[in-house]
């Protein structure tokens, strides 16, 4: 077998979305309204893959669509909103109705939790939370005593996504990816997840810029121009505020379903035809053959 | 007072070396034979500042000179040697004679120890060490139980240098510095230390490359062209293997003292005359006025 | 110095008060969706604090340069002008605890001691209103000594006797062996406050505002400084900088608006930014 | 395929055996001062494993490209050809435990089960010989499943009944609930070994070496594979690649030398590298 082909991970959005299974913990890269894997979310909603635990450092437009579509059972994030555009309407609604489970996170619980997974340990100690009500609403989170000073810290538990989806301005066919900043915890997600999917504005043979994500653990690479829109993908395109506002206004008028129909049926950005059949892929431990 | 002057931290090697006090834990940046603060060490040996605890991720030529000069009471590192040039002769000699204290470290104990300091906690848990004799020779290091699984980890204790000295290819007068890779734990040292000194090949008004060290916590910046020689400073100059070999041969012939005399009296690279008097400096919490 | 402005909005006064809290050389951090704060930082940068350094939740970069506020191009400011780039794990686990930057948070609820809630109004499991979440407030208020608050709409909705769910520590909260420093400063649309006596403490009233009105809009007893001042108004130059240089699109106005009014203003700003961009592109 | 080499050194055979352990697509890591290992990796890259990725203690970068061995310009290889750059804290705390790369360590002492010592010979507090230290061996041998060893000079100095101070875990060492995987492979100047029976286990003898000689130079009883092989010699092409392309300066020879002989060889290499560079500069 041609080794170049063996290590090429480029595939279609359809094939990549099959790597997400009902019940998975799905981590979405980017920040609120920046570099979110929107095209991937569209594909996932089309497939109707549900019962998901949604993990996002901060959750925004793409996550609200998933929640609104009823595919999310549990949310883990430290901020779920649309920035200056206001609350995430479907998240707020479902949370207020008790229709989703929320595992309340903070910046530190996600950052240390991912670092614990990467270090191969069960927790990382942090200064935060003690004295707040976070420990009351997260009874699963325990304290640990510093064996030197006796001081108590929160033992932020290890977090491990099943699948991480990161949108990148640039990726190579072996899965190395350049993010151009606003990294959130994307590099950590791409190392911690069992299955890693990169959607990228451009997929090239060889990167000519420093990589942020090492392709070793990447399972699928999909070229999706404009794949983060209407969120931004710096420096390729800015935030499309008018579209975010259109979403907010639709939800304010009780027209989420109409917006979603429109979102799903819009031709939108499409993946370039795959150059190699999925069956030729054989990265270790991925799910393409399951 | 002119604020530009207030924030300018450029000074002389002499003034910067005064920031190190007898008994300090002195951290030296770089790796073994790469980007070591050799000119700074020359100045420190001239001053005779002793009773030091030497902390280095890996220790090499510069550290062996300090140890040979009798200024080091305690060594903390995970590797003290001259790479392919062999053992660090003075370190080995003094260690075998029991003339220095060694706090045995590994990559993980230094990396997690610095991360603990930066996170403001007393320890970080790691998988390493358990089952080795490291815990026997580091009786100060304790275990911690994962409150979730019960698994025992080593609680790597927080490490905090008093002074860190980093040699950089490029720095700005406010202390921002570019290292060009081979970072070791220099960024961590520059954040963890109470006092931070940057020696640099070139000191400029404004960086035009991404910084590795943020100037906020930097106390002194000294322009010292060739300040890492005979160790390398990529891409400015390579390792001067002939000089390292001359050192090894001198020590093998019992002529460390003669080598040291030569090293100290060589005109060598000198700092550019300072452009601002030290008394004009007033970074928070540094020691220039003590 | 510049003359006092005769014409300014309350948003502009808030920006100016935030700017006045900034000392030269400091590191200041901007959270998500806080244009009043960013405008205040930029104003400080352009007036008395030319050497401040910026970091933002968006971008996670270290910047010394500045740029005007934007809706569409916020990344261009933080990424395009970055001196150094980090990731959020580094920011949370290392940079914030080490550098302890100054940051202005906007509490959704706050009690007299500065304990805050940004997660829910009402019961956590059956909330009256689910809020976005507390970001890192539960993490940094444990240790951070430079926490400031701003409240664009002073009311009993925000200032309450008891916070429903505490996600940020006020003065002395937390374990007795490590009491939280608590906030040091608060600016609202009615006045300025500190927490010197361990409780929210009115130190200046904005022009035209009475102490009685502030107390009436606060759900707990306010401490009043014996030497209570009137907040000095913005200078004409500060207002000019805000309107013409820092925020010509008027993004700072959004925080005091809600619902349909905010959406209408957003429409206007987005169109103006698009138009301005079209003009700029044509100019090139 | 290429013919077997008729003329090769033992250093070259070690490089070739290391290369044969590398699978295409793997991440391989080089420790400090291990030119035999690096030459082996480069040979794998140029023969059967074009898609391997490299990392090195020097540089802490991620590379897919290769370059010839150097004394003076080792940073140019790792930094000049880097695809991505990390720091050593990230490498230790995150990259190594996550990616579990293949790495070849050189133990100073080793027992039958693969427990190693790289800190001292003799008593820790009164050592016969103080060694550089164990680097990260005490950290990664706890979990790492791809640990390999190489021993350029097989002797009873290295292979001992009992390691003076264990700084790396052998097969099954560590706590019973998390036994260490132990090493999987060892190459010395006399033969190749694995640890399949839980102890060092001779699987092939190098051409011209007897089992008796290997046992005599090993301080504990060796397990011998029933189907013991002779190590296939390098091919002529492998030797050519090592001599002409990968390591024209002969840096790989240094590891088997010590004391004055190593210093003499270093003199020669440093002069040759300087001359080669002068020629290159003149050519430009």
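We call the chains A, B, C and D, going by the order they appear; numbering starts again at 1 in every chain.
Simple rule for what comes next: a residue touches a chain if its C-beta (ideal position, glycine included) is under 8 Å from a C-beta of that chain, and two chains touch if they have at least 3 such contacts.
Here the structure is a predicted model, which is why all the values come from computation and not from measurement.
J.: In this assembly, which chains make contact with chain A and also with chain D?
T.: Common neighbours, chain A/chain D: B.
J.: In terms of touching chains, how many steps apart are chain C and chain D, taking the shortest path?
T.: 2
J.: Report the chain whose mean Cα position is at the greatest distance from that of chain D.
T.: C
J.: Rounded to the nearest whole Å, what is the centre-to-centre distance of chain B and chain D, using the mean of the C-alpha atoms as each centre?
T.: Taking the mean C-alpha position of each chain, the two centres sit 28 Å apart.
J.: Just give me the whole-number Å value for how far the CA centre of chain B lies from that of chain C.
T.: 39
J.: What are the residues of chain B that contact at least two other chains?
T.: 115, 119-120, 126-127, 151, 188
J.: Considering chain C alone, which of its residues make contact with at least two other chains?
T.: 82, 85, 93, 97, 143
J.: What are the touching chain pairs in this one?
T.: A-B, A-C, A-D, B-C, B-D
J.: Using the touch definition up top, name the residues of chain A that touch chain D in the complex.
T.: Residues of chain A touching chain D: 3-4, 6-7, 115, 118-120, 174, 176, 188, 191-192, 207, 210-212, 214, 216-217.
J.: Can you list the residues on chain B that touch chain A in the complex?
T.: 119-127, 142-149, 151, 153, 155, 157
J.: Provide the residue numbers of chain A that touch chain C in the complex, in ascending order.
T.: 31-32, 34, 57-58, 77-81, 83-88, 91-92, 95-96, 98, 104-108, 111-112, 114-115, 124, 126-134, 137, 151-152, 180-188, 232, 234-235, 238-242, 245, 248-249, 252
J.: In the complex, go through chain D and note every residue touching chain B.
T.: Going through chain D, the ones touching chain B are 32-33, 35, 57-61, 71-76, 78-80, 82, 85-89, 91-93, 97, 119, 124-140, 142-143, 165-169, 173-175, 177-178, 180, 251, 254-255, 258-260, 262-263, 266-267, 269-270, 273-274.
J.: Enumerate the contact residues on chain C facing chain B in the complex.
T.: 24-25, 27, 50-51, 53, 62, 82-85, 93-95, 97-99, 143
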